[in-house]
Amino acid sequence: MFTHIDDSGRARVVDVSGKDDVVRIARAEGVIYLKESTVDAIRENRVAKGNVLNTATVAGILAAKKTSELIPMCHPLQISSVSVDFELLENGVRAACEVKYVGKTGVEMEALVGVTTALLTVWDMVKSLEKDEGGQYPVTRISDVRVVEKVKREK
Amino acid sequence: MFTHIDDSGRARVVDVSGKDDVVRIARAEGVIYLKESTVDAIRENRVAKGNVLNTATVAGILAAKKTSELIPMCHPLQISSVSVDFELLENGVRAACEVKYVGKTGVEMEALVGVTTALLTVWDMVKSLEKDEGGQYPVTRISDVRVVEKVKREK
Amino acid sequence: MFTHIDDSGRARVVDVSGKDDVVRIARAEGVIYLKESTVDAIRENRVAKGNVLNTATVAGILAAKKTSELIPMCHPLQISSVSVDFELLENGVRAACEVKYVGKTGVEMEALVGVTTALLTVWDMVKSLEKDEGGQYPVTRISDVRVVEKVKREK
Amino acid sequence: MFTHIDDSGRARVVDVSGKDDVVRIARAEGVIYLKESTVDAIRENRVAKGNVLNTATVAGILAAKKTSELIPMCHPLQISSVSVDFELLENGVRAACEVKYVGKTGVEMEALVGVTTALLTVWDMVKSLEKDEGGQYPVTRISDVRVVEKVKREK
Amino acid sequence: MFTHIDDSGRARVVDVSGKDDVVRIARAEGVIYLKESTVDAIRENRVAKGNVLNTATVAGILAAKKTSELIPMCHPLQISSVSVDFELLENGVRAACEVKYVGKTGVEMEALVGVTTALLTVWDMVKSLEKDEGGQYPVTRISDVRVVEKVKREK
Amino acid sequence: MFTHIDDSGRARVVDVSGKDDVVRIARAEGVIYLKESTVDAIRENRVAKGNVLNTATVAGILAAKKTSELIPMCHPLQISSVSVDFELLENGVRAACEVKYVGKTGVEMEALVGVTTALLTVWDMVKSLEKDEGGQYPVTRISDVRVVEKVKREK
């Protein structure tokens, strides 16, 4: 028989077949800190590489749908909706991603993947504005990525 | 001829064909804050869902290789190497991802995607340890995701 | 709170959780125009790069299943069936893709992605037969891609 | 030895290792025909599902980079640049996709996949405006998808 | 109308919409034969490229979830669970993959893709230990890949 | 600094940037054992689900190109060519996959992924012919998957 030589390493996608189909909503948020001049360029839509927030919205939504490919132990899901929103701060951009699903497992990982990919896409779009002369990023960083709300209710 | 009705929206993968082939290395880091008891469980390898850091390593490496699928304006690259490392903190886990490439474009986005996906995978693996009785995450968050070093040198 | 600075850009995967589970069938068609000699080569299965219609069938089916990865606002779906068919014309090939699904959203985008990818694969398989001496395509084009039928009925 | 029982079916990715590394540019175009009122809604950016042309730009660029996954016999390529443009017509939208690459194989399939996916994304974004009361699409169709220019020159 | 010129080539994802939703479990196994010294290195976790069995577990699980992308006529499924296990033999490693699903189609292909990818990942991790001085693999081979159990029962 | 708490788990994509660009060819083979009646059905092209060998060819080629997505520590590569061949045996099908690449790393994993996916696709196409009345597979198995030749030579 199979002897599990290293039981601790037995990662698996856990069985959810016994759970109920309920409505699940998760909302995650996070911030990317940027130079003020970069935030101005985003606000005024004069970033040479393209529209920053629209590109980040599409990237975040597509990534949220790819969660089970990226996070090994996540279940593939037929999610009901995904949206990504942004708020411009003085020194950065706050992003949020909300995912809704009717089924047997929560969708906070989907919301987290969506918001993180949206923030990383913002970074990619403004790279040339954020780099110093040595090619380093003295200001740019992503922080405060968290799940702000998880809802679970009967259909 | 084509009149660009909304020039600001013309996102594109910028032409790098005129650039030189140089060695490029990027290292990104980030932290996930967790309960101390969760860090203990990771250190002692007694998380029911599987080995947390090994799973996160593989996830981070695979994601770094998928960067051009996730971040819309990134170029597809034949990267030379990728690695993911972790440091256990008292109240969290610090992850790092280092990517090397010989070619015409930097690889900081690859390193950032790698480290972010590694941290998100840590989150996914310890969800049941981090949630409170209402299913919320009062402690868990990802912060300080940044590029710690970018190198560019002749072959 | 989040102020939507550019409301028009707020693309999203719309919520379908309130819709009923019904049987949905969509059929899309399209044509690729080719040289008559190329159609003959397809009919007689003497295209050097391989069997054109079989390769295009597999490509169309795989692409239809990837629709939610390609079309940003499409929902991931557990489709029930997909098929691709071809009709040889004198000066081209007509392709059709039919998709069936039981659920909350129509599948015309899946059928359209399937038929389009099938036609593009035909193009790829016969490139060397269609190019002129300058490497251009004076004849080849894809046209009349449309949804020929959408059905929605109770289970 | 291997006897090829059905030689005609032996599709393959053909060997390009003997070819020279040259600069290659391909530009493909296509049109989606729409109701005039839908074109107005796109122009005035009042489509409920989001910004149509920005979403289609990102979708087209991502798809062009995925060409070797979608078209079975295409080579995976480190493309140098991709862009997608649109022109609003009275009764539709014309899209173009331009791809540049330095290497051993042409990139017309990449440009065709990009333009087709951009047009399909336009369709998806305006579905509710184009459907009649029976859920059918009496007007919408994609046509004239072709390669308008292929360039090949020394580095 | 469509005349099917080559009916035999009409591959398709067959319609399962008329089938019942039942619990389905499939377990597949297979073996990779290796040098005894390589099995020792795996057992003692001193393979330079990383932890072999943990990496193979994650790879197998991710691949099982990708089955409908890899095997053209497979349906995309919201699987309930996946796990991968290993048994060290004297001269190889036996792997098993178990997949559970509640729905209209069996999951043996998912289990087979999972076990095969796990075994191929073992191979990749120990390449340098298995190759002879000419770079060939005199010992390594994958065998006995089979479905050991398929279960189908009412919910 | 980073203290590697579990050094053995530090899987990584190893650095190949110091290696030479040489021509690399790998050929892998494997066998799927089937009922004789199933082999007859494949030979006579009367399998209801579609043309078995053509579908398996396309699946194997696409999978070989996806190797770096499936096998975590494999490098993404711009491969030069891929082909898949079959030989019908009395009680099974032998498949081979040959991959060519000019670069810094061997392509045996690509050839192995290609041949394995081709064999798994054969299995999927003939499932209904191979299953017994209890839904089990008494005969079907994949064996002897190995690298038959690896070549490495100057350009």
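For reference, chains read A, B, C, D, E and F in written order, and residue numbers begin at 1 within each chain.
Simple rule for what comes next: contacts are C-beta pairs under 8 Å (C-beta built on N, C-alpha and C of every residue); 3 or more make two chains touch, one makes a residue touch a chain.
Just so we're clear, the structure is a prediction, and the values are computed from it rather than from any experiment.
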| item | value |
| --- | --- |
| Neighbouring chains common to subunit A and subunit E, by label | B, C |
| Size of the rotation, in steps of 5 degrees, that lays the CA trace of subunit C over subunit E | 120 |
| Most distant chain from subunit C, judged by the mean position of its C-alpha atoms | B |
| Geometric centre distance via CA averages, subunit F-subunit C, whole Å | 27 |
| Averaged-CA centre spacing for the pair subunit C and subunit B, given as whole angstrom | 34 |
| Multi-partner residues of subunit F (at least 2 other chains) | 9-12, 14, 50-51, 54-55, 57-59, 62, 66, 72-73, 76-78 |
| Pairwise touch network: line, ring, star, complete, or other | other |
| Contact pairs between chains, per stated definition | A-B, A-C, A-D, A-E, B-D, B-E, B-F, C-D, C-E, C-F, D-F, E-F |
| Interfacial residue positions of subunit D with respect to subunit C in the complex | 8-12, 14, 30, 45-46, 49-51, 54-55, 58-59, 62-63, 66, 70-74, 106, 108-109, 112-113, 116-117, 120-121, 123-125, 127, 135-137, 140-147, 149-150, 152 |
| Interface residues, subunit C side, partner subunit A - complex | 1-6, 9-17, 68-69, 72-73, 75-78, 103-104 |
| Subunit C-touching residues of subunit F, taken from the complex the two chains share | 50-51, 54-55, 57-59, 62 |
| Subunit B contact footprint on subunit D (complex, rising order) | 23, 43, 51, 53-54, 57-58, 61-62, 65-66, 76-88, 94, 96, 100-102 |
